[in-house]
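The next block holds one structure in the form of structure tokens; read it before the comments.
Each chain gets a letter, A, B, C, D and E, in the order it is written, and its residues are counted from 1.
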Amino acid sequence: MSEKKFRQKKWQTTLFFTVIIVVTFISSSITKFNFIHSMTTFPSAFTWIFSNLMITEESFKKLPTILTKLNETIFMAIAASTTAAALSLFLGVMGSKTTKVNNVFSVIARVIASFSRNIPIVAWALILLISFGQNSLTGFLALFIGSVGFLTRAFIESIDEADQSSVEALTATGATYFQIISKAVIPQSLPQIISWTLFMIETNIRSATLVGILTGTGIGYSFDLYYKSMDYNTVALITFTIVITVILIELMSNYIRKVII
Amino acid sequence: MSLLEIKHLNKSYDSKTNVLKDINFEIESGDLVSVIGPSGAGKSTLLRCINRMVNFDDGKIIFDGKDTTHYKKRELRKLRTDIGMVFQHYNLVPRLTVIENVLHGRLGYKSTIQGLLSMFTEVEKENAFSLLDTLGIVEHAYKRCDQLSGGQQQRVGIARALIQNPKLILCDEPIASLDPNASKVIMTYLKQITRDMNITCIVNLHQVDVAREYSDRIIALNKGAVVFDGSHLQLTEERMNHVYGMETRELITV
Amino acid sequence: ACGEGGAEEKTDASGSDSGSSNSDDVINIVWYPNESGNDLKASRDEIGAIIEEATGKTVEHQLTTDYAIAIETLVNNNAALAFMGAVGYIEAKNGNDSIEPVVVQSGASGTLDDAIYYSWLAVDVDAQDDFKIDGEFSLDTLEDKRMSFVSNSSTSGFVVPSSTIIDYFADSSDYSDLTPEDLMEGGSLFSQVLFGNSHQGSAVNLINGNADVAAFCDGCVENYVEVAEGEENTAGAVYRVIEGAAEPFNTVEGEEFILMSVTPVLNAPIAANLEVIGEEDFKKVQEALASDDTANNEGIFVPEDSEEKGLFSKSDQERFVPVEDDWFNPIRELSNK
Amino acid sequence: MQYDLATHMKRTRTGKISLKSGEKSEKVIQLTVLSFVVLTIAAFFFFDFTGFQFKKAIVETAHNLKVMFFMPKLSHFGFGEAIFQVTITLGLAVLSTILGALIAFFLALLAATNLSKEWISRTVRVIVAFIRAVPTVLWVLIFAISAGLGSEAAVVGMLFHSIAYLVKAYSEAFEEVSPGIIESLRATGSSWWHIVKHGIVPSTSTYIMSWTFLRFEINFGVAVAMGAAAGAGGIGFELFMASGFYFDLREVGFITYAILLVAILLEMLSTRLKNRYLPSEK
Amino acid sequence: MSLLEIKHLNKSYDSKTNVLKDINFEIESGDLVSVIGPSGAGKSTLLRCINRMVNFDDGKIIFDGKDTTHYKKRELRKLRTDIGMVFQHYNLVPRLTVIENVLHGRLGYKSTIQGLLSMFTEVEKENAFSLLDTLGIVEHAYKRCDQLSGGQQQRVGIARALIQNPKLILCDEPIASLDPNASKVIMTYLKQITRDMNITCIVNLHQVDVAREYSDRIIALNKGAVVFDGSHLQLTEERMNHVYGMETRELITV
């Protein structure tokens, strides 16, 4: 690197920050975002939280129904994540440049992943709601599609990262394609795969609230219902159960991740 | 009869340069042959042509009396089960146990389904154990491979090649990543295999001294051509210079 | 320096710069989702123009995707005006005492006497026999059916029909302690409960076959349907979706439904938050809206035979009439039950 | 010989020679995979299938997808308006990402165990975990209700999760900085801020950038939903209207394409930038 | 007068075991002192106590006539600017250029703001360049550090220590990751510094031969205690055994 390049790098850094600042200003003017005002919203928001979002004894009576719905959501998230993981594993093997069978499959796998990832989950939820109506399956499918996109991308990266040398070694012993995948590629990427799947479960439980609101399923539906009847005490209780669940699952998956990697 | 016969072998990765140029030699059963030569001479490529991990352009390779040149899929798999390969970086699956890695050597004999379900027979498993025992690492059988030292891993690699029941073992710089002691163990063991089991070994080496000490015959490559082929006694200082070129030798000592 | 240039731009769908909602020269109007569509933009702008003219301030429209947000926005002093349902108004009033009704739409007579519209419970024509006992429609048949409401803050789309249903079942032994919450979720009376999130949505739920019974109001679907049989707004009347109906009804042209129950509901008010708008402007707005000019504005009160879509339709003397809080007491009693 | 060997072999209950190491990590993997399978199967029994008719749903979905993706058309607003709405959504995503990154950077310094005190780091982590656990929708709704409809509510609401996500990502990157670098700077007598500026930032800028880009992509998706809910508008509001009010599948299709296009462009842009300016160190 | 005086130094990480036990020695200005001893003897800990990267429990360290034992924040920063440190793994910031890394050595002299804005004076920059020149790597000044060889990186590390204008340089196994040639360059250079600039050097080493060849004095630690302190001539085979213990020596040769 010559001194000229060195200066060029500094110049690029300056340019980069200028671009960031300009983009920020353009964005705030398009969206009519007022920075000062947004800061002043905090006191009123927290006042509102503390005066409205209180769990009362009466709201506690609704706990059984809420827990049923929460249960539905958790199962929905897990089922969506694992089924998506199964499909994504296949797509990942097809899509990874190190294990692909041929370019056509590889491109197809990547396109599927890109489509399902880049159409926001909201859009999927609304689209599915139109055709499937308001039931668990709709929520499940919305989460499933989003998960497939994300997991395929993650799996492709994990598989790409797997050490290729053992693939070579197994080829040299005369092993078939599927044997190589199952004996050399999968065992190496399995911890990553599980780790990503766990992450997906966490994410899905988080998005299940939104998806639930949109598709009328699970805890999101209860949330929406009580929120719309302005029964904020119950909303607080629902939020509380979600928070506990998410944190528990996060702790659990952190533990698993730590042990297996 | 010779086990391996290579005739007028030519190979290029891109159409511009020939990596291997008109290679000719025969190897007898039970020999330990070293291939030496500077970096990029084509040693690895030569080895990979023999078990057809890469395809060559021109020439013939006759293995065990059969011309393998036009082998496809199934025949290729069969060929590869007859030829074991040992790698510089061992190429083990790091998260699996030693015994699992060794048994991978049997996959060539299995149908896809059998392989997927890990259906190894008890006999195969016992063989694997006794191989590990001979190699002195049986106590590590249930350890994960990434928990072993380099020398131990290389022995797992050799066990994987041996359990194939190969007629020929190809070793691509098997000791380059090992310390002198471990190298000694590995080379001695390879020598022993050729002697006791009548398995042929072709070993790529950078260490000329090691090649001299262990091999029955040395083949030297330079820029894709065979520039020496004979016993270590015939490999004089002068011929060495011819193999590596003056500059190369200097570079090595820096 | 961020967020300049909000005031002069008035893009409907983008909501508004609420940063200026507290400043003195902007009046924010919140609209329910029902009235937030692009097709009603012209009508909304007309009302905005009238208010701008009366007060000399800039009007900004805030469009919402749900009822609760709209109500809370007015309650929390983040908007000056809102066009809301009667129940929404009552909830807002409960939350903030400085909220007062400005005007409501009159009936055809031009007075408050008939300032009502109707909440319907509708079923599929072909399935009407499932809802009849001895040839008469009966609410008893609702048990285990799939129900579609509008939203649980909707007056005619939830509060009125649900209290009708609860009243009806109060005498029955099985469902004597039914609560509005029970009706929000499937399992107790209904096998499944859907929310259409708009009157149109609820109607479509029925026509699509996603629900067996749907609650919605007459006015909200009048642009899309015509009477096919029987007398308007009576049980047993059959309505048909007109040819060339706009979305969301365009896919179900010619489909028919029948009313099994009709309940009158008080018209929806435009409400104001006095703390935000101030006494003086409140009066100005009320006067301007109640004026004859407004009543004759075809952008707001669209003549019945017109092709245009508007917030209100005019068959005779319809206009805005000022009201007091008391006027909503009947509804208040309903929802207090 | 054979007898000796047996002492090294493990046998399964059926008397076969076992191949597995029986390590904890392996058992946990097996257990995890098993519970995934069991829970998934159980899930399908728990599901509430009310109102779901398989054949009808499939046929309808196929039809709807066909209408959406093969006959996209705008009917309630024009093309220019569509572009404008997309830029609003993008703007919301930009703001929440940039502000989030800025705040997260400082919080992450406090959260990184190698740069901060144990208790501070733990406190920040707990708070961040809590924030992450509360759904974004709730944050947005709270701000929309209490502070009024508009982009402020959307951005501030989205900010919470952006911060929480980035604090986690950044602090993990910071923690991976080799302790040697920090130690060597400390040994020259550098102050804490010097270490951050000259050691941490240069060593982690690649990670910071790629995590931020990733969050930006995520935020675009979130902004579609949240812009509408917070009354800040954007393409999400049009999508909501088209699907929830007009049931106009063709418009939904068009909007979906618009979103997809932007999202793919963003992904390409971020990959491009990453490859160009931040070559991976591998 | 001695530059560094260590009196009754005791240090334990956990309360159970003492890593350093009652260490006493003085070092004169301009000496190159090697510290040897088996792994875990406490060599690194000793070095880190001197510039107070770790705190010790008991005893006194007198540097340049001042008792540093109770130094806090500001005084500590000042102390560290007087003591340069060179690490086994160089500890450079990989993505930054050589010259930037060298200038990090000046941060101890800067206020927080000056440091944040990278305000280095022209004189400092010129000094950095001339140091790189002396160390023979000035042509790499604008290269990123991760593009240099190990020996080159270590020289950057030394330049970073030298630009601090230190009175003492602590080197923790500076040549452990280097090949013999590069090691030679580094050690020769350290020797030269002590001789020409009158900077004192304390060097942790594993290679006894190197310690013998370059240092004025050798201090040997074993299990936290000084077991030898004298010139290389006094370090007999027998004393060596005392330092490393018989078993350890055997282990090393395996």
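By definition in this document, a contact is a pair of C-beta atoms (placed from the backbone, for glycine too) under 8 Å apart; a residue touches a chain by one contact, two chains touch by 3 or more.
Which chain is which protein? Per UniProt: A, D = Phosphonate transport system permease protein; B, E = Phosphonate transport system ATP-binding protein.
Predicted model only: the values in this text are computed from it and were never measured.
Colleague: Can you tell me the least number of steps between subunit A and subunit B, where a step is a move to a chain it touches?
Modeller: Step count on the best path from subunit A to subunit B: 1.
Colleague: As a test of whether you follow the contact definition, which chain pair has the most C-beta contact pairs?
Modeller: Answer by contact count: the chains A-D.
Colleague: With centres defined as the mean C-alpha position, give me the subunit B-subunit C separation in Å.
Modeller: So the centroids are 82 Å from each other.
Colleague: Distance from the CA centroid of subunit B to that of subunit E, rounded to the nearest Å?
Modeller: Those two chain centres are 46 Å apart.
Colleague: If you average the CA atoms of subunit A and of subunit E, how far apart do the two points sit, in angstrom?
Modeller: 48
Colleague: Which residues belonging to subunit C are in contact with no fewer than two other chains?
Modeller: Answer for subunit C, listing residues that touch two or more other chains: 3, 14, 16-19, 66, 72, 76, 192, 194, 210.
Colleague: Can you list the subunit E residues in contact with two or more other chains?
Modeller: none
Colleague: Tell me, which residues of subunit A touch at least two other chains?
Modeller: Only 28, 31-34, 37, 44, 48, 133-134, 190-191, 227 qualify.
Colleague: Quick check on the complex: what are the subunit D residues that touch subunit C?
Modeller: 50-51, 75-77, 81, 84-85, 88, 141, 144-153, 228-234, 237-238, 240-241, 244-248
Colleague: Using the touch rule from the top, collect the residues of subunit C that touch subunit D in their complex.
Modeller: Listed in rising order, the residues of subunit C that touch subunit D are 3, 11, 13-19, 21, 28, 30, 33, 36-39, 62-66, 69, 72-73, 76, 78-79, 146, 186, 191-192, 194, 197-198, 200-201, 204, 210, 246-248, 251.
Colleague: Which part of subunit C faces subunit A closely enough to touch in the complex?
Modeller: Interface residues on the subunit C side: 1-6, 9, 14, 16-19, 66-68, 71-72, 76, 91, 95, 151-153, 180-181, 184-185, 192, 194-195, 210.
Colleague: Looking at the complex, which residues from subunit D come into contact with subunit A?
Modeller: Answer in residue numbers: 24-25, 28-29, 32-33, 36-37, 39-40, 42-44, 46-52, 57, 60-61, 64-65, 68, 87-88, 90-92, 94-95, 98, 129-130, 132-138, 141-143, 145-148, 150-156, 220-222, 224-225, 232, 236, 239-240, 243-244, 247, 249, 252, 255-256, 259-260, 263-264, 267, 277.
Colleague: Within their complex, state which residues of subunit D touch subunit B.
Modeller: Touch list, subunit D to subunit B: 1-2, 4-5, 8-10, 16-17, 19-23.
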